[in-house]
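In the two assemblies presented below, chain A is common to both, partnered first by chain B and then by chain C.
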Partner chain A sequence: MEKQKNSKVVEYNRWGYIFLIPFMLVYTVFQLIPLFTTIYNSFFENYRVGLEQIGPNFIGLENYVTLFSTPDIWKYFGNTMIMWIMGFVPQILLSLLLGAWFTSPSLRLKGQQFFKTVIYLPNLIMASAFAMLFFTLFANEGPINSMLIGWGLMDAAEPYKWLSNTFSARALVAFMNFLMWFGNTTILLMSGMLGIDPSLYEAAEVDGATSNQIFYKITLPLLKPILIYVMITSLIGGLQMFDVPQILTNGTGDPTRNTMTLIMYLNKHLYSKNFGMGGALSVFLFVITAILSIMVFKFTNAGGKEKK
Partner chain B sequence: MNREESTIQKNVTKTVCYIVLILVTIMCLFWFYLLFVNASRSNAELSRGFTMLFSSHALENWNNLVHGTLPILYGLRNSVIISLLSAALSVYFSTMTAYAIHAYDFKLKKYIYAFILAVMMIPTQVTVLGFLQLIGKMKLDDSYIPLIVPAIAAPITFFYMKQYMDSTLSISLVEAARIDGAGEFKIFNTIVLPLMKPAVAVQAIFTFVSSWNNYFTPSLVLHTDKKKTLPILIAQLRAADWLKFDMGQVYMMIAFSIAPVIVVYLILSRYIVGGVSLGGVKE
Partner chain C sequence: MKGFKKKALAVMMAAAMVVPMVACGGGDDTATTDTTTDTATEETTEAEDTTEEEASESKIPAGAHILNIYAWNEEFKSRLTDHYKGYEELSATEGKIGDTYVKWNITPSDDNAYQNNLDDTLLKQADAADDDKIDMFLVEADYALKYVDTDATMSMKDLGITDEDLADQYTYTQKIVTDSNGNLKGSSWQACSAGLIYNREAAKEILGSDDPETVQAAVADWDKYAETAKKVAAAGYTMCSVNDTYRVYSNNVSGKWVQDDKIVIDKNMEKWIDDSKALVDAKAEDTDDLWGDDWAKGKRPDGKVFCYFGPAWFFNFCLDVDDSETIAANGGWGFCEGPQSYYWGGTWICAATGTDDADLVKDIILTMTTDKDVLKEIATADSDCVNSKSVLADLASSDEGNIALLGGQNPYKQLAAGAEKIDLSNLSKYDQGCNEELQAAMKAYFEGNSTKEDAIKAFQTAVIEKYPNLKAE
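And now, the complex of A and B:
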């Protein structure tokens, strides 16, 4: 009897494998094999000059040497990081502020659902359409300049060239990323803040702590694991920055390639069919992302109590 | 007196909060308001400068756009087909994968679970080179299949479903169904899937939206004009000598590609915003 039951359970459990087949099959074909062939490609010379195909010839690590010894990759890496930081700093500050307000038991703000709906909206907007919109709005003769001229903030004879100036072009990319992601971050931080034991706040209030003290001494330290999680996942997302600068600058990364990101660089290699260099660049991005992901796992496990 | 002071202070703080929140709301919505205003204005009106008032040329812009050079109605059709099928496949098979890990005990379970979590963060961009070569060899270049079928293996959707099952799906229900003689596949389809409805709805929307907005992979896979999706057409609009364009049409095109998502969002925002805080992991 016991034996029969056991064999039945084993029979059920066989279904675990069966239900995993579609995922494993599709993942292997469309992700795992491409990952390995991408790595494989990075060891070959394989590109086109006009109509002539060079390679594929095995050249060992030469693509990596070329990749890291040309200044391009460091420039694009720097651009990506600068634009990420310019967007992330205001994003995390505003998210902390809004999260603290929304979850504050003493403020009890009304219309929270409305505000949350509004701040999350930009996250769902098609990034390429959003970038195209900013391109038209911030054109030299576009609505924003015409508005600023109308208010007397700008000289009509010399409209500001938003996209020809390194700082303002980068700032526009960063601002769009900020706008698209701060709502998401706010909601994540809020669920972290709501997970903090309310008796801690009550005790602090009884002891006469001000709301600033409560924020810096209780909320912020207890929020550290989720803050680190938000930061690293945002960094992983930042490294993938593509749609916004690509559409905004039509793929040129202008002015003087100062808004060119790593994925835009990869995209260029893919279009010109330089699979060797594209492969080396992909492996580079893969390694950075893998290191960052391991950090996420370390922190979320160390976070322990953090609800996800 | 002290109490009065603190009430006053609280009211001041609240007022400041509301003012900042209103400014944040304006910062979020201003661009889209301006977009819809500009989509309703003619090229001549647009060149005259900035206004916050709607005009009456929306229909004219729309007609010009539809009869223009960009195949936007095809774009709409292609985007809808790809996004709908991706969303359907992704939620169905992610739920199935999560159920396999949740409900059964088998030797490799621990390793497979760890594997899926480990690959969750790998961005599609880093494997796209091999992906393009592969679909080239499979003769799937310029086809929808490489944009739809990979949605079956979506680690992030899987993770969400697994979390949801851990908190809601009890095995005793499944066992009861087994005693009634139902097969495992039938149990999954008729008992598990309906119980997962809230999670399925949230993830279906997320997958639909991210597929709808996706530009990188489709732009590398699709080459025929009539097969292209809306984000690729937007990029073409940007690459064209845009000054020659009728700007009313340009705005109408942008409005047209984001309006469906805005409408869906406004109807379902409650569930979507709730779903974000439940899921945690999203880029």
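And now, the complex of A and C:
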């Protein structure tokens, strides 16, 4: 009797594995194999000059030596992180605030569906179209400058060159990423907040806790798993930042490559089909992503462990 | 700890799946919009009677003999349709000459797509079936040598085209497609010598006259040009963009961009950098990118721009003559040679090695680039500045060459004179990359965001990214 039951469970579990096959197949073909071929490619000299194919010749770690022989790679890494932080900090703060408001049982905001849709809308526009829009808006003779001149805030003879100044160019990229992703983050955080037992809030209110206290002592600690998820996905997304700065600066990463991200740099190697250098850069990015993700995870999880 | 690992793995896997999808989604979307707009324009220009259904269905019967032509836009196709006798259009991408079917492979040049596609196909040329082989393809001057200086192209001699056939062409158009052994490997129907296109209103105000000779005297060399530019600035105008003058300097260099695998910045390029910096500092020139909105503002009177630099195609395609508020619509532009002779643009026809239709390719090249009647037709019907000394001389001496948007001026004499003077002995296959990157890198220096040394270093870095075999100086 016992045995029969057991084999039925095994038989039933089999379906789980069968359902996993499509994912594992796609994952292997499109993620795992490319990952290993990338690492493999990074040890070869393999590029094209004009119609002339050079390589592939095995050159060991030479691509990595070339990659790290200039400080450029760290500069692009810095650019990427700066633009991500500039966008992420306001994004997470605003999302937390909006999430708390929307889910607050005492506020009971009206028109929630409407606002949820509206804040998510920017994410539906494709990044390239969004970047083109900003490119036009912030052109030297564009509408933003015309408005500022019209209001007397800017000298008409010397319009501010948004895309020629490091800070404003980076800020525009960060602002666009912020606009595009805060809706997504808000909805993720809201789902996390809605998962918190309402009786905890009620109990806190009965005990006379202020809304600040409720937020810091109940919402935030219980939201931690979702926060970690948001942090890591956003960090990885940030490290792979490409479309917005690429289109906004026409692939140049100007001014003086201060908005050039790591993936834009990777894209630069496409011109010569330089698979070796591209591979080395991708491996670097992979390692950095792994290190940063583990750091974020350890850091945010440090307090939680003691309780277990 | 086990829990941590599992969770971390789950999070990483989710992230690894989600993020690239988002990133790639954006990239793909751009590509799709690009192609859709392109097909849209193709369809409107080629409106005639091709319906979408016809375009998607091949009209070429199985087993037919096929001539494959690679191009980046519709220009050559429309020239061939209009002026090559015996060409019959079947659909937007297919045609027929006699028993041979013509297949157009048109890839836009944005993001280097045309060259990438062409490179991949040419590298597979030897193994391809006869009807899949490229028979002819088009190139632009900036990267012509990349193809000409290899075995991928056939020399005109091997095709059976003699020097006498090509005697009426301008020498500079042949220099561009001559390989390092002196073999001519392409031919063009255009001679794109260019000059300075000035705003007549502004010329009257600043120089006292809008006569081409007066203006030419004021910009005859770079010193006079700089003086005039300062006057222009004092009158509240901008001369032009530093990127407008770029080609004038880069066509007149004394050495190649790359010598012994090293990047060499020529004296004349240094001069462009220094002259431009001085004029930008004096607010006489701006740093607008070509084709951008800021750059285009000068097409209207209130844009307050003194001049553009451009060849004959610039008149009709870039000055927005159809917009009634532009200077062009009111015939307000004038034309003179400018400080130095130069050319801009043009399309060359090359025969691909391995073609199975050498005779037809030869006939197309001869008809389209040397037949005087055809060239005259192209010049008058399509306002191309054609690659024929005698046809241009005809136009210069007749009213047929008068152009309304230039206030009735006949620019062909200057264009012909300019075409004779162009010297292009210092081209290299790295020109496209070097030219693009120098302009991009120097912008920061002109705008005061970088020192000259840093800008040059940035230029070298960018060039080496494109051509990993090169070294900085």
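Following the convention adopted for this analysis, the second predicted complex is superposed on the first by the 247 of 308 C-alpha atoms of A that agree within 3 Å, B and C clash if a C-alpha of one lies under 4 Å from a C-alpha of the other, contacts with A are read in each partner's own complex, and residues count from 1 in each chain.
In this text, a residue touches a chain if its C-beta (ideal position, glycine included) is under 8 Å from a C-beta of that chain, and two chains touch if they have at least 3 such contacts.
This one's a predicted model, so the numbers in the text were calculated from it and none came from an experiment.
*Asks:* Compare chain B and chain C by how many residues of chain A each one touches, and report the one with more.
*Replies:* B
*Asks:* What is the contact status of A:Ile236 with respect to chain B (first) and chain C (second): first, second, both, or neither?
*Replies:* Both partners.
*Asks:* Give one of first, second, both or neither to describe whether A:Pro22 is in contact with chain B, with chain C, with both, or with none.
*Replies:* The answer is first: A:Pro22 touches chain B but not chain C.
*Asks:* Name the contact category of A:Thr256: first (chain B only), second (chain C only), both, or neither.
*Replies:* second
*Asks:* Tell me which partner A:Ile247 touches in the superposition: chain B (first), chain C (second), both or neither.
*Replies:* In the superposition, A:Ile247 touches chain B and chain C alike.
*Asks:* By the touch definition at the top of the document, which applies to A:Lys161: first (chain B), second (chain C), both, or neither?
*Replies:* In the superposed model, A:Lys161 contacts chain C only, not chain B.
*Asks:* Looking at the overlay, does A:Thr136 come into contact with chain B only (first), chain C only (second), both, or neither?
*Replies:* After superposing on A, A:Thr136 lies in contact with both chain B and chain C.
*Asks:* Just chain B (first), just chain C (second), both, or neither: which does A:Phe77 touch?
*Replies:* After superposition on chain A, A:Phe77 lies in contact with neither partner.
*Asks:* Using the touch definition from the top, say if A:Ile54 reaches chain B (first), chain C (second), both or neither.
*Replies:* Once the two structures are laid over each other on A, A:Ile54 reaches chain C alone.
*Asks:* Look at A:Ser128 in the shared chain and tell me whether it touches chain B only, chain C only, both, or neither; answer first, second, both or neither.
*Replies:* Both: A:Ser128 reaches chain B and chain C.
*Asks:* On chain A, which stretch or stretches are contacted by chain B in one complex as well as by chain C in the other?
*Replies:* 27, 31, 126-129, 136, 141, 233, 236-237, 240, 242-243, 247, 250, 263, 290, 293, 297
*Asks:* Taking the complex as given, what residues does chain A use to touch chain C?
*Replies:* Where chain A meets chain C, its residues are 27, 31, 47-54, 70, 72, 126-129, 136, 139-142, 161, 164-166, 228-229, 232-233, 236-237, 240, 242-243, 247, 250, 252, 254-257, 263, 268-269, 271-272, 274, 277, 290, 293-294, 297, 301.
*Asks:* Within their complex, state which residues of chain C touch chain A.
*Replies:* 4, 7-8, 11-20, 22-23, 25-27, 29-30, 33, 112, 119, 122-123, 146-147, 149-150, 152, 287-289, 292-294, 297, 429, 433, 440, 443-444, 447, 449-450, 454-455, 458, 461-462, 465-469
*Asks:* Can you check the complex and tell me which residues of chain A touch chain B?
*Replies:* Touching chain B from chain A are residues 9, 12-20, 22-24, 26-27, 29-31, 33-38, 40-41, 94, 97-98, 101, 106-107, 109, 111, 113, 115-122, 124-130, 132-137, 141, 143-144, 146-147, 150, 179, 183-184, 187-188, 190-191, 233-234, 236-237, 239-240, 242-243, 246-247, 250-251, 263, 266-267, 270, 275, 278-279, 282-283, 285-286, 289-290, 292-293, 296-297, 307-308.
*Asks:* Of all residues in chain B, which touch chain A in the complex?
*Replies:* Touching chain A from chain B are residues 10, 13-14, 17-18, 20-21, 24-25, 27-29, 31-32, 34-35, 38, 47, 49-50, 93-94, 96-97, 99-101, 103-106, 108-109, 112, 116-134, 146, 149-150, 152-153, 158, 163, 178, 184-185, 188, 209, 212-213, 215-216, 220, 230-231, 234-235, 237-239, 242, 247, 250-251, 254, 257-258, 261-262, 265-266, 269-270, 272-273, 276-277, 280-283.
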